[in-house]
Amino acid sequence: MNQSQLHTLLHALEIEFELKHLPSDFWLDSVASVEQATSEQAIYIQDSQHATALSVTKAGLVITTAHIAQTLDKPCLVVDKPRYVFAKIAQQLYKKTPVFQGAHPSSTIAETAQLDVSVTCESGVHIGEHSIIGANTWIHPNAVIYDNVRIGRDCLIGANAVIHAGTVIGDECLIESGVVIGGDGFGWEMHQGQWHKVPQVGRVMIGNRVSVGNNTCIDCGALSDTIIGDDVIIDNLVHVAHNVELGQGTAIAGQVGFAGSTKIGRYNTIAGQAGFAGHLSTPDNCHFLAKAGVTGSVSQTGAYAGFPHQPYKDWQKMNARQRQLDKMAKQLKQLQKQIDALSDS
Amino acid sequence: MNQSQLHTLLHALEIEFELKHLPSDFWLDSVASVEQATSEQAIYIQDSQHATALSVTKAGLVITTAHIAQTLDKPCLVVDKPRYVFAKIAQQLYKKTPVFQGAHPSSTIAETAQLDVSVTCESGVHIGEHSIIGANTWIHPNAVIYDNVRIGRDCLIGANAVIHAGTVIGDECLIESGVVIGGDGFGWEMHQGQWHKVPQVGRVMIGNRVSVGNNTCIDCGALSDTIIGDDVIIDNLVHVAHNVELGQGTAIAGQVGFAGSTKIGRYNTIAGQAGFAGHLSTPDNCHFLAKAGVTGSVSQTGAYAGFPHQPYKDWQKMNARQRQLDKMAKQLKQLQKQIDALSDS
Amino acid sequence: MNQSQLHTLLHALEIEFELKHLPSDFWLDSVASVEQATSEQAIYIQDSQHATALSVTKAGLVITTAHIAQTLDKPCLVVDKPRYVFAKIAQQLYKKTPVFQGAHPSSTIAETAQLDVSVTCESGVHIGEHSIIGANTWIHPNAVIYDNVRIGRDCLIGANAVIHAGTVIGDECLIESGVVIGGDGFGWEMHQGQWHKVPQVGRVMIGNRVSVGNNTCIDCGALSDTIIGDDVIIDNLVHVAHNVELGQGTAIAGQVGFAGSTKIGRYNTIAGQAGFAGHLSTPDNCHFLAKAGVTGSVSQTGAYAGFPHQPYKDWQKMNARQRQLDKMAKQLKQLQKQIDALSDS
């Protein structure tokens, strides 16, 4: 990326920026950490923690704030949100595109499937009847897409991912390796000592710009649909049960689990290994700490922790008190002794 | 499904039933929720919660109890267990069958494998030497079945599932997408700073009507076998270590984990993210709450929660007390003051 | 394995051993449990627990300690570490080798990939551009190996495993079924209500003799690399986020999760469902109990438990006290009454 291409990108982002100290032969080919960057690599710095490393960095471009740039005698790009601009520059530098369009000879595409001419199906891909795949979508090796699936444009479906029948996926989604979308929900009825399967006939409806991490599972709805809103991002090994709804912009870390029919508001952030019971709801902008066990609906926006969950500050206080329990028990004993002495006197 | 077909199904179930208000042109093609059902769809209602929705439903058949049916002027099917009957009707309406029998040209079937003529192997399937697959079993795309596996009749092996050598699976089992059965157990011995693998030579033995959810892993036994009883149902992303035994009819929710050699009784129900230490046992009919951490054998049937686990009621009481800890600490302080005052007086 | 072959193996192990009571026609073909072993099977016994079973075992070879062998009138192999020797004997008895070398016709190997002539690629395997695979490495069906991957000698890559671009794997590694290595880390930046992906450009660097369990996910680094040391063993369904470092010889049980940039020391042992927050470190030789939630760096070697984590002994004491909370609350009430009575008198 030369200086002119950088300008074009920055203008497209519609942000204010200033470029300082750029050499005439400016050229970026990749990004790196502050410590390891070379003269053709961009780095970003948002705070003053890395001051020492920054003073010796060999980076070709330091993306940073006006405050840090003040005292910096290196090529730099001054913006309000360095990490965001770094991300957009890196996206352009690392843009991956398939080496061919169309279907690899080892893939199996149903005759009734409708693939845009710009779609790529890598080796071993299976696409079922009547499925519709949008422009520039890239299906990675051995992914399995069942019948009647609709996938938008500019999506990536990862290697060995499985998209079950009827699933609807929007545009610019990233479904990573080994993900299973639209598998059967866990709906059973016990009768005479046997579990009888309640057919799961709903779909999974996924919005735009959704990302689903490796080996995560999102089950189809039982009767109505499981719904993943626009801009939801999900990490690895997450379990999303039938009829869950995840609100727009919600971010979910690794190994989180949602039981059936739970509805998470917009822009929630949920840390690793948290779990949500079924049939509950949360408002917008909540934060749940790691390993939280949410056992009922949350009515107020805020941070929650623990199992059963409670407001984060209460949980912190409770944790502190728990660690004083031994001391408290000894105090109790001591008080009893004092009282006994008083009674005897 | 017309009225005559419905009658045939209901008689086959050997249950008592009554059909009321059915129109002469009765016809069902699918099921739906109370709110969304149209005139060719069945719904079920087991309690009076949905009274309002029920009063305006357009469903072609309401499967419900005698009590609710009393006041209902709509086509209805009166039975003792509406959800069970709904499940059986839906199973018939949504019966999925493969579009071909035999092996897809892109599949790789060992010459010594014995597949019933009614077996379907979809694209990219691998079946190893001497494996035996029963009638009507349907192997989905890119599933891998190793050598010497035995799978019964009427099973479904999901897309990208892996069944390791020697595994035995009964009839009518549902192994969902991405499941790994018979992978090596975690058996190692440390010697001179290196872990040496203890070969895992046992098998996984799975009974009849077992269901295993997406991306779940069931390891093979170390020496003897890992055993999954009849009618066990397992949700997504569950970890079953070597030599675990899961008793008949036990139901296991998402992200539960079992360490090695643990033996779960019959008809246990285990909620999400619970974990069991190794070498313990539980009796029949236990219930374990979400996130429970079971650290030793359970001797009495009941409900258990917490980590380390305790009877559910004790755990509830403990939780309540924990939230009063701050108050208790302040009370202690107050008592101390009062005693000091008494002592001084 | 005859007696001469057994001798050869034992000498190669460079350990002291004694063989007693071996029949002239000694022959081993497999291993088994004490209870089920027959005359051509080896067993091991390390403690006196199985004394009764041992007295009636039909095993062809009992691998045991000098102490137990003293009173044993059966064919036995006396060594210091019976389970280690058992593992090495079993490794030889159960050595699995592919039935062919080279690439199965249904596999897709990039022309620029460099595979040693002894490599086996099973059906449906995909290998990308410029990837290099070492001698005797065995790629199982439907595994996907992207571009620029380097895999050493004598590795096994499991069925449906996915190895992303740039990953480096050492020698003698075991990557089990459904594993995803080098998937994108969870790096995002929020801007105007949308999450923008921060490209993950680091790699995963895996040492020698590393084992990764079924459906586990190890993400690539954001800028620098995710590093798995030599002799690390990882169980099923574990989540390793970007830039995590796992020290040599560390053992990780099922469903453990590591958030980004956390550095685990050497020879840590981590029990099931434990979770580690990001950007923390642990020293060598720590042990973490099941379900531990490690929220910050650990400075001293030891055993830790609970969430937030604390030294195991403190956690045990706290647990015991928590179960006395109800009693303590009642005691408090009683003390208050006594004090009130004293004050009134």
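Residue numbering begins at 1 within each chain, and the chains themselves are lettered A, B and C in the order written.
To be clear about the criterion, a contact is a pair of C-beta atoms (placed from the backbone, for glycine too) under 8 Å apart; a residue touches a chain by one contact, two chains touch by 3 or more.
Note that the coordinates shown come from a computational prediction; the quantities given were computed from them, not determined experimentally.
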Copy-to-copy rotation for chain B and chain C - C-alpha atoms, rounded to a multiple of 5°: 120
Chain copies touching (chain A, chain C) - same or different residues, decided at half shared: different
Whole-Å gap between the CA centroids of chain A and chain C: 27
Chain B, residues touching no fewer than two other chains: 106, 124, 142, 160, 178, 215, 237, 255, 273, 291, 322, 325, 328, 332, 335, 339, 342
Residues on chain A engaged by chain C in the complex (per definition of touch): 30-33, 36, 81, 83-84, 86-88, 90-91, 93-94, 104, 106, 122-124, 140-142, 158-160, 174, 176-178, 209, 211, 213-215, 231, 233, 235-237, 248-249, 251, 253-255, 267, 272-273, 290-291, 319, 322-323, 325-326, 328-329, 332, 335-336, 339, 342-343
Complex interface listing, chain C residues touching chain A: 106, 108, 124, 126, 142, 144, 146, 160, 162, 164, 178, 180, 183-184, 186, 188-191, 193-199, 201, 215, 217, 219, 223-224, 237, 239, 241, 255, 257, 259, 273, 275, 277, 291, 293, 295, 307-308, 310, 314, 317-318, 321-322, 324-325, 328, 331-332, 335, 338-339, 342
